[in-house]
Structures are given as C-alpha cells and as structure tokens.
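Here the chain labels run A, B, C and D in written order, and each chain numbers its own residues starting at 1.
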Amino acid sequence: MSHVTNKTIQRVYEILEGTTNDKITKSFQIFIITLIAVNVLVVIVETEESVLDEYGYLFTPFEVFSVIVFTVEYVGRILVYKLNPKYNNSKFGLARLLVSPMMLVDLAAILPFFLPFVVTDTRFIRIIRLLRLFRLFKLSRYSEPMQTLGIVFKSKAGDLAVAFFILFIVLIFASSLMYHAEHEAQPEVFSSIPASMWWGIVTLTTIGYGDVYPVTVPGKLIAAGVAVIGIAVYAIPTGIMASAFTEELRHKREQKNNTCPHCGKDISEK
Amino acid sequence: MSHVTNKTIQRVYEILEGTTNDKITKSFQIFIITLIAVNVLVVIVETEESVLDEYGYLFTPFEVFSVIVFTVEYVGRILVYKLNPKYNNSKFGLARLLVSPMMLVDLAAILPFFLPFVVTDTRFIRIIRLLRLFRLFKLSRYSEPMQTLGIVFKSKAGDLAVAFFILFIVLIFASSLMYHAEHEAQPEVFSSIPASMWWGIVTLTTIGYGDVYPVTVPGKLIAAGVAVIGIAVYAIPTGIMASAFTEELRHKREQKNNTCPHCGKDISEK
Amino acid sequence: MSHVTNKTIQRVYEILEGTTNDKITKSFQIFIITLIAVNVLVVIVETEESVLDEYGYLFTPFEVFSVIVFTVEYVGRILVYKLNPKYNNSKFGLARLLVSPMMLVDLAAILPFFLPFVVTDTRFIRIIRLLRLFRLFKLSRYSEPMQTLGIVFKSKAGDLAVAFFILFIVLIFASSLMYHAEHEAQPEVFSSIPASMWWGIVTLTTIGYGDVYPVTVPGKLIAAGVAVIGIAVYAIPTGIMASAFTEELRHKREQKNNTCPHCGKDISEK
Amino acid sequence: MSHVTNKTIQRVYEILEGTTNDKITKSFQIFIITLIAVNVLVVIVETEESVLDEYGYLFTPFEVFSVIVFTVEYVGRILVYKLNPKYNNSKFGLARLLVSPMMLVDLAAILPFFLPFVVTDTRFIRIIRLLRLFRLFKLSRYSEPMQTLGIVFKSKAGDLAVAFFILFIVLIFASSLMYHAEHEAQPEVFSSIPASMWWGIVTLTTIGYGDVYPVTVPGKLIAAGVAVIGIAVYAIPTGIMASAFTEELRHKREQKNNTCPHCGKDISEK
C-alpha cells in the first residue's frame, strides 16, 4: 500500500471511530446521528396514512440516500479494520469484526434494502422492512446514554438473570393456580395455562389492562396473594436496574473529572 | 433620586424579596401566597358549572383585584431591580431580569387579563385564559417545597435527560414492534406507530387504562417482554428522583442546623 | 384512699399499661387484642348478607359484651391516670389524657353504642356505626407494627408534607391541562377541573382503572408527559416511606439486642 | 451391611446431595433439572387443547416415566438418610427427614400419581392433579436463584410480616370506608366489605383492572386519599425485598470470591 493510501485509511479510521476531536470527525458524527434520527422518524411516521399520502414520494429517495451512506460507512469500517488493535492482532480478525454486535446492527441497517432483490416472498419482505428499525441501535455507537444502559445491563446480567428466573417461576405458579380457579367460570379468558400467563404478566407488572381478571372468590383470593407477594418479587429487577444505573452515572462523572479536557487523558495517573 | 425615594425603594425591595423578617414583609408574603392559592382555586372551581352559576358574579371583580395586585408586584420588581446585585452590576441587567424564569411566570400571570384588549380571536383568548394557571408557579418564589423540587430537577438534569432518552428509545422500539404485531388484528387501535406509542406509554408506566392492549399471541408476547424489561428501565428516573429528593431534604436540614435562628447566618463558619 | 385501694389501682395500672410481664397482664393483653380482632371481623362480615342471615342473632350480644369490656377499660384508664407520670404532674392532666389520640380512639370505640340512645336521626346513626371501625386503631396500643408505622409517619412528617404538597401541585397542573385538552371531546368525563383531578389521581398513581382516559391527540400527549414526569414525582413519598421504615426496623432490632431479655433494661449502659 | 452395599449407599448419597463434582453427579443433576422443567412444561401446555389433541398420547407414558424417576429419587433419599449428619445423629431422624420441606415437596411430586388408585372421588382427583405443579419446587434443591429467594424471604420474614400486617390494616380500613361510600350507588359491586377488599387490593397494588372503581364523589375522594397514602405503605415490602435481594446477591458473590475453585473450601481462613 502506498503512503498516501495509508494516510487516507488512517484518517477514515479516525473519523469512523471518533478517536480524534477535529471538525471533520465531529461533523461526520453529527451527520450520521442526524441521519439515523431522521431514518427512525421516517420508519415511525410512514405508518401514519396522512403523512404517507403527502410526503410518501420523498421516502424512497431518502431511503436510497440513507442506504448509500450506511453502506459506505459499513464498507469503510471493514476496509480500515486492521487499524483497530482489537481485531488486527488476532486470528480471524475480520470474521470476528463482522460478527461483533455493532457490525451486525450496521448490517441489519442496510440489509432490508438489498434483500428484496434476492428474496421475493412478500411476507418475508415485510419482516425485513421491520429490520430497518434496528437503525435505532446504530445510535449506540454514538450515544453515551445507550452505552451507559449497555454497560449496566452487562455488569448486572447475572443478577438480572437470577431475578428474571424467579419472576418466571412466580409467573408459572400464579398462572397455573389462576387457571384452575377461573377456567370453569371464564373458559374463554382463562382457556389454558399459557393464556392465563397473560393475566399473570398484566397483574404482576401492575399494568392491569382490565381485559382479564378473576371473577370467582377463589380466583380473587389467589390474585390478592399473588399481587401482594408477586409485586414485591417484581420489584427486585427494578431495584437492581435503578441502583446500577445511578452507580454507573456517578462512576462516569468521576471518570470525567479525572480527564484532561484538552487531550482526554487520565490526569489522576502521572 | 431623593433620599426618601431611595429609602422607599430599599423598603419595597426588602418586602418583595423577603430579605428581612419584619411583620410587614411576612404579612405581604402571606397575602400574596393566599392570593395565589385562591386564584388557583378559582381557576379550578369555575369550570364546575354549579359553582359558576352561584358564585360566578364574584369571579370578575376578584380577577380584576388579583391582576392589579400582581401587576403592582410585577412593576415593583422592575422598579427596584437595581438593588439586586445579580442584575445591577451586569450589562443589559433589566433585559436579563425580564427574561428570568420567575419574571416570565409573573408576566404570564397578568398577561391573560390584558391580551384580550389587543387580540380578539376567540380561540386565542381561550388558550390565553389557560395561562392563568401559571399563577400556580408564582408559588415557587415563596414555597420551599417547590424550590426543593426545582433544585432536585436542576442538579439531576443530566442524569434525568439520559434516563428519559433511554425511555424514549425503549418506547420507540416497543411501539414499533407492537404496531407490526397488532396492526392487522386491530387496525383501528394500532393504526400507526405514533398511535401505538400511546399503548407504549400506558404500558411502560404500568398505568394500563385498558383502552389499548394486544389481542394476538405475538402481540401479547411482545407486551410481556416489554413490560418486564421496560418497567425496569422506567424505574431509573423514578430512582434518580426519589434518592435526589431525599438527599436534598437531608442537605437542607443540615444547613438549617448550622444557621443562627436569630440572624439567619451560617454559624459553622467564624 | 385506703392502702388496699391504692394497691388495686397500682395493679390495674400495671395491667392496662402492660408495664409488668406477669401472666395476668399478658392474658389481659391477649384477651383485648383478640376481642378487637373479632370486633373488626364482625364489622367486616356483617356486611355480607349470607353471614348476617345465619349468624346475625349473635352480633347484638357480642356487641354488648364488647362495649362493656371496652367501657370498663376506658373508665379504668381514667381512674388510674394519676399513676401515669405523663399526666399526673401536669395541670389539666385528666383533660389532656382525655384528648390524647389513644383515648379518643378508645372513646370512638364505645361511642357508637351509646349515641343512638341520645340521637335519633337515622342518617347520623349510620355514620356513627361506621365509627366502630376505629376499634381497629385500638390495636395501635398493643401492636408493635402499628407503632412502628406511627413512628415512621411522625419522624418523616415534614418530608412527607413537602412531597405531598408537590404531588398536589403536579396534580392540579396536570388535571387543568387535561381538562382544557379533553373537555370538548368528552364533556361528560372531563366535565370540570375537579372531575379531571380524578383522572389525575388514577394516572399519577399508575392505577389506571380505565374509566377516564384521554382520547384526543393533545390529551394523549399531555397524559404521556404527565405520566413520565409525574410518576417520578410520585415516587418521592414512596421512597421516603420505604427507606424510613427499613431504618426504623433496623433501629428497633439494634435496640432489642441491647436489652436484657429478663428485666427488659438497656444493657449497653452500666 | 456388606462393604459393597456401604460403598453403594455412599455413592448414591454423593450423587443425590451433589456433595462431589464428578461427571455422574453432574449428569444426574442436569437430568433431574431437565426432567422437572419438561414436567412443568407438560403441566402447562396440556391445558392447551390443540397441544392435547396432537401430543396427548405422549403425556401418560412421560408421566409414568417421571413418577418412576422421582419415586426412585425419593426412596433413594430415604435409604441413604443415615449419611446425612443432620438426621443421623438425632432421635426420630427418619421422621424429621420425611417432614422436612424438601422431602414433602418430593412427596407431593409423586403423590398425584398414586392417590387415584386409593381415592376415587373425581373432584378430589382434580385437586390432586394440581399438586403436580409442586414439581416446580423440586427445582429449589438444584437452583441457586430459588435458594437465594428462599434465604431472602427467611432473613426478612420478620420485617415482611410487620409490613404485611400494616398493609392488611390499611386494606381493611380503606375497604370499609369505600363500602360505606359506594354501597348505595353500586350495590352489586360493593356488596359487602369483603367484596370491597377486592377493590382495595386492586387499588393499593396499583393494578387497577377497571372492574371495580368508585363513582360517587365521596368514594373518589376516599380512593384518592387511599391511593396516595396507601401506595406509599405498599412500597414498604417492595423496598424490603429489593434491598434484601441485592444484599444477598452481593454476599454470595463475596463468598464465591473467597472459595477455592478446585476444592470449594473457604480460602480466607487458614
């Protein structure tokens, strides 16, 4: 590779990864974030008939433009992957890059456009269109809040798994009891235990839509017990998330205070 | 300006800002707080037809009286602004005073009365009347709890913004999924993604009015997942607020303990 | 007073206040607690027609028996009040005893029986009958959990007042906005701001019965904003209560560990 | 007993109690956990008619197989009980083993199969079939999350009892008041205080199905008060559970860090 190409690759890497703070990098990031935001907006509002009627003709060109940008970005990331120490020094570096969560999200963001050229089953295409929503997750690369949420989920994955497993056990038990109590009185609503689990979810999360509820005395007694005890159990993941998030935000703030605002390096070490 | 005028201005400033503890200042504050409270009460009860029929004739004179008092207060604050070190020593001090949040609230409290003389569009006037409700926020100047809430919101603004951004992402994702799952079965209810977001809000906050809920199996599965995970995410701002508020109340109590009850100065410093 | 009478008064005081641990005192306490519990049970089940039909003839004798016991207890407390250092040494000791919360509860527990002999207005009598429910609060004298709740409420009264004041402001503001947004579309449901406050309570507490909810787009937007922000504000008293209660329970446990199990005195002091 | 038998018993004990880490013990545990999971799955899906029609013929052989395995396990545990120091050295060791919670769960897991041979009352048999659900609790022996929940419930039993007692008092009081406020307007819904308690549970837990709610002004005022204060009280057990669970998980993690990964002994002591 020539020296010029190397320099270009280095520059592209800097811009894509945001390792520098110069104007072009900043502008690129703002451009991409805006593009993602507008894309998500389009996915949302194009389901509104009145919007589709009036502005529908704009959506196809915008989609083409977005896919070109996202494809260039995707291909760019592959081309410069060797500068990323995480993938360069390891075997199958490129393969590992391609299956990394962020690259899969990037792929899911452009795939919905290209797949219809290959597949022609309309039902499949509809699901593929839904994939465009994953463009939302492209934000994770650029948005600090999303990264914070990611870190929190990761660091508390074990605790949350334990909590959700317990919720699941409580849900199964509550729903089975309720099925046996209400099935005869409301055979349509509590038609089976899986159907009763919808009642369980709606009750244990305290949503209470009102589409399913017990009408017999034993059913009401079970619901009362489940509500009081179950809600306490459902508070567990809530508590884990809330405290982990607050902790992570404090951690981030402390880290920021130890960072030089000019060069971005840690000033607590010498 | 003569010496007497100066002294009057000084006195007016003291009373309006509550910098002294004398009887007239106290009385003025109680009078204004009572007037605000009664005003809010009137705005509320005048929508009740039976009240309007019986006491309606009292509302116009009371409104005139209130506006006179609030206008005098507003003009007074402008006249004495030079005694406020925050605005006196800076350029455009008066302009900066006029656009300060509290002065805008004060203006919004009297504007609904004067605007109908200028504008005549009835629809506009109705919205203007709603502005009277902002008199409620005049309380913030005099009410400690409201100030506490303000401080909490300000100090945690960054954390709350992060939390609300995440909520918004979860909301968009959940609502879009639900739209695709339920649109065919309930085209009226889940007519578009923005319409589905109403379901999202009602579900993620666990309100669950029961006007919108999924009826298909995929819809119920999505709702179950959204409920369990989403509610944990919705707990984040709740946790931030609750802990910040408790902290601020403790902080206030400690500050009060360090304050001389006679002169109001900090006794911890010498 | 003779020596024997004095000794009797001393004994009655010991039993009523539970200052000793002997068998008769214990038995009396268990008897009174059981009597209160059965009384509350009767108040509840006598509203069930089937129970009233079958066991109704038992309720009047039981009521007479209960009132006799509670009256003897009430009179007894008055007769021995001089032994209570809290009331003996102060002026108007008896008057102060009579208006103490617990003695008022004791009075409310027996009054429903005697008043019908004096008053004859049937509507008044019905409300008086409701007073029997206050027998429930007689438990506070004997039940540790109720005392704990009382201590928590008392110690956090200031914080809770602040929190509830803020809730009230949020409620007024949210309900007024919603009234203006929905009044035209649902004049029956959002007939006035006070009526809209029912929506506000049901929404901010996340109960969401489903009897009132917005149907217009502005109304839904307001509800969404209110739900997200308002629920965070409603979490404040919840947080205050939960943490104060946990703290108080820990405090109690520590106190108990420092108490001699034999004589009940503090073993941490010498 | 011969030496060989002794060794077999020792081996069976090791496998059943999981005191060693060898392959057979691991395999046995995975096999039992899978069998329990599939059993619970069958109990759930066999209530779904479409599943029953298609796969129903598989359920009886699977039930027979499961009961054989669980019976062998149950009998095995009885045969080797002498190796368990907890039961061997005490009088009535076998009796105490048989009434231990886990052995009762194990018995409940096989009883539904054998009882129909003895009892023939069909109504009784239906309830017996429900007992199969207790196989779910067999998981507690093998699942760490369930054990954690058990420890949390045990360690906070006192605090939770206090909290639930208070909830109960609030529930009784709120429901009685509501009954008196709404009985005349909605005699069908608020037919008695016990019936009103269904409203109380649905409201205090913020589920709010929408099947019962006040319609009169006094009823709505009571509901508002109950909602705001009562929900704060209902937050108490929620808070206790969430914090106890988080604490227990941290405790477990710390314990694990102090354990040798090879022999499983505590490395913090020497």
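One rule holds for everything that comes next: a contact is a pair of C-beta atoms (placed from the backbone, for glycine too) under 8 Å apart; a residue touches a chain by one contact, two chains touch by 3 or more.
Keep in mind that what you see is a predicted model, and the values were worked out from it rather than measured.
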In steps of 5 degrees, what rotation angle do you get fitting chain A onto chain B on the CA atoms?
90
Reference interface A-D: repeating pair among A-C, A-B or B-D with over half of contacts shared:
A-B
Identity of the chain that, by mean CA position, is farthest from chain B
D
Count the touching C-beta pairs: is C-D or B-D ahead?
C-D
For copies chain B and chain C, work out whether under half or over half of the interface numbers are shared, and give different or same accordingly.
different
With chain centres taken as the means of their Cα atoms, state the distance from chain C to chain D in Å.
33
With chain centres defined as C-alpha means, what is the inter-centre distance between chain B and chain D in Å?
47
Please output the residue numbers of chain C that touch at least 2 other chains, ranges allowed.
206-210, 238-240, 243
Within the complex, chain D is touched by chain C residues 40, 43-45, 47-49, 126, 130, 133, 136, 139, 143-146, 148-149, 160, 164, 167, 197-198, 201-202, 205-211, 234, 237-243, 245-246, 249
Considering the complex alone, what residue numbers of chain C touch chain B?
159, 161-163, 165-166, 169, 172-173, 176-177, 179-180, 183, 191-195, 203, 206-210, 213, 215, 220, 223-224, 227-228, 231-233, 235-236, 238-240, 243
Residue ranges of chain D in contact with chain B within the complex
206-210
